[in-house]
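Chains here go by letter, A, B, C, D, E and F, matching the order in which they are written, and residues are numbered from 1 within each.
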Amino acid sequence: MPQSKPVHYDDAGPEVRAVYDDIKATRGIHDVNNYWKHIANHSPTLKRTWETAKEVMASGALDSLVKEMIFVAVSASNGCEYGLRCHTDTARKQGMTDEMLGELLAVVGVASQAKILANGYQIPVDKDY
Amino acid sequence: MPQSKPVHYDDAGPEVRAVYDDIKATRGIHDVNNYWKHIANHSPTLKRTWETAKEVMASGALDSLVKEMIFVAVSASNGCEYGLRCHTDTARKQGMTDEMLGELLAVVGVASQAKILANGYQIPVDKDY
Amino acid sequence: MPQSKPVHYDDAGPEVRAVYDDIKATRGIHDVNNYWKHIANHSPTLKRTWETAKEVMASGALDSLVKEMIFVAVSASNGCEYGLRCHTDTARKQGMTDEMLGELLAVVGVASQAKILANGYQIPVDKDY
Amino acid sequence: MPQSKPVHYDDAGPEVRAVYDDIKATRGIHDVNNYWKHIANHSPTLKRTWETAKEVMASGALDSLVKEMIFVAVSASNGCEYGLRCHTDTARKQGMTDEMLGELLAVVGVASQAKILANGYQIPVDKDY
Amino acid sequence: MPQSKPVHYDDAGPEVRAVYDDIKATRGIHDVNNYWKHIANHSPTLKRTWETAKEVMASGALDSLVKEMIFVAVSASNGCEYGLRCHTDTARKQGMTDEMLGELLAVVGVASQAKILANGYQIPVDKDY
Amino acid sequence: MPQSKPVHYDDAGPEVRAVYDDIKATRGIHDVNNYWKHIANHSPTLKRTWETAKEVMASGALDSLVKEMIFVAVSASNGCEYGLRCHTDTARKQGMTDEMLGELLAVVGVASQAKILANGYQIPVDKDY
């Protein structure tokens, strides 16, 4: 019972449908994925989350592939399986190779190691920063 | 007392000095920063950490600036102040602008939000992944 | 093999049975759930965890529903699936609506975003705090 | 150098000023705090973050004090000092007592303990959920 | 204002004093440290936290030094400065050398790296577990 | 598609085979587990991760069982299911009893609770540290 139910297009109100339509048009897909269908249980969250994602993930000062790879890096760090599945897939479609994924995850590892050692040795920040 | 003491070059043994020399030569700097001086309290950690960082952070399939930005993204996500200071600085020196940092942190925010909603609504991974 | 086995009532010693009996009486249920059956592999942990939960989750200065919602918020933030299932269920039974869950998760998102930006921009705490 | 500089009202462009004005009007304060001044280094982030916070933190299905307490709980869990300072302060101004804060943090503790034990004993979710 | 104030012995009620007395007697110290003085703002939290810590940190199936080192490892992983300071100090007093601390933090690093790679490559658990 | 595929011995290049051979010889096993087969998609990661793990997890100033238990503690804290399965299994084979696992997880709980309270009450580090 606690697990949320997906909101399908046919059962959705006009606000939710408008967001679904925009997602499908923007991404060139025929149906939205589970993520949007579940957060549609609270339509202000759906609207805000989509508008933020649409603005933030679009190419800008950083191109879209770099953004997808940052998303993958953060999800590998914080353990979000759903985000990893979707955005590893998207990044691969935009050109991320096995070599690039390998290097990306290695950087995440170095950053995590740095946190552990900086904490563990209680290292003060250098004065010239 | 529990806070570690930095190991200065003049007090260091030959193994630690060799790593310091390699860091300085590789990075073109006159002294290593606190991070290396503190982890030098355990010389195998210093050696392994430096060799890994040297290999992982060098340009490869991903260029060095992308790697620095991934490092910043992970550190902003996991709350490592030391790493943020050093690698924000390095990324800026390699060309990261305020605009790029703003977009980078926005992507970290979207990825974190995705984790919360995927968890909170207990959203199942889509079948076609 | 590493996965723990549940301790069923019939196989349990008197200390574990006493805790199970108290859980069932307090909550008005016929059997305890997996959480208690697994942590019963270490009976001092079972006893301490139950006594703490019983005291902490009861209505006090904060009512029980607010406490359940805080539990859900923390579990959505730290990615605990087990806790989310149980406590989303309990919170719903105590009156949490879809609207309330939506707002709750949105607050978790704002708090997480604040952490990322406060870290990423290395923002100093205001002097008047 | 890597630490961001605050953007003061007098140096800000019209987009940033409009957000500052709205924050001051909404909250009834004379100056915005460091958080907004630093994220103003990327004006789309300032605008989006403020609009989200304004919408999400307002009383709705959950009242404002419950939302502030959820913010405090998540920040205590994920270790965000900046968020804790601001939102503990706000929650106290809205009526949170020492007793309520004590109970709130105890619930965060119980939720964290549940995550550790559910992970550590690799406890399967109960079938009836 | 939001920062909590320490509760000093002379200002404390009988419940808080009883806990302080027990901490001092158990640890053989003349005054309790800030941790206990601050959580004393909510006396049930003080009592429960101390009783749990006293029971859990005492030598049992694991000796006290191993427990202190596990505490340090978890605090290095989750970024708790306060815990690191206190428990690194205690562990050193019980015999933890620089060599042991170095190895301990290296294990934390390997475990964190494993999490990143297991997540990032979405590695399924082996069937024979 | 985004999920990585395991690299089997027969399909692997000489660099990957050399690592697999070393893992099998060091651990006295007939096949490597999924972890190594998946990270073999990026052979420098496989090589570096194995060499680090081999060096770090071997008995040294800390014996192997203590190291395995620290690994379990960190994985229970950060929620890595894969690591928990493997290393709980290894620790049990090296002598970890239910009693020891129970005490270990209780220490993780105390350390996590300390982080929450130190954060939540914003407790300053004691001067004598």
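As a working rule, a contact is a pair of C-beta atoms (placed from the backbone, for glycine too) under 8 Å apart; a residue touches a chain by one contact, two chains touch by 3 or more.
Everything quoted here is computed from the prediction, not taken from an experiment.
Visitor: Which one of A-F, A-D or E-F makes the same contacts as B-F, at least in over half of the residue pairs?
Guide: Equivalent chain pair to B-F in A-F, A-D or E-F: A-D.
Visitor: Sort out for me whether D-F or B-E is joined by the greater number of C-beta contact pairs.
Guide: D-F
Visitor: Distance between chain D and chain E based on Cα centroids, please, to the nearest Å.
Guide: Between these chains, centre-to-centre, one finds 26 Å.
Visitor: Nearest whole angstrom, what separates the Cα centre of chain A from the Cα centre of chain B?
Guide: Measuring from centre to centre gives 21 Å for this pair.
Visitor: Residue numbers in chain A touching 2 or more other chains?
Guide: 1-3, 41, 44-45, 48, 52, 75, 77-81, 84-86, 88-89, 99, 101-106, 108-109, 112-113, 115, 117, 119, 121-122, 129, in rising order.
Visitor: With touch defined as at the start, can you tell me which chain F residues reach chain A in the complex?
Guide: Interface residues on the chain F side: 1-3, 41-42, 44-45, 48, 78-80.
Visitor: Please give the residue numbers of chain B that touch chain A in the complex, ascending.
Guide: Checking each residue of chain B against chain A gives 2-4, 33-35, 38-39, 41, 45, 49, 52-53, 56-57, 60-62, 66-67, 69-71, 73-75, 77-83, 85-87, 89, 97, 99-100, 102-104, 106-115, 117-119, 121-126, 129.
Visitor: Which of the residues in chain C end up touching chain A in this complex?
Guide: Residues of chain C touching chain A: 79, 84-86, 88-89, 92, 98-99, 101-103, 105-106.
Visitor: Where on chain E does chain C make contact in their complex?
Guide: 1-3, 44, 48, 52, 55, 129
Visitor: Would you pull the chain B residues touching chain C in the complex into a rising list?
Guide: Per the stated touch rule, the residues are 72, 75-77, 79, 81, 84-85, 88, 101, 104-105, 108-109, 112-113, 115-117, 119-122.
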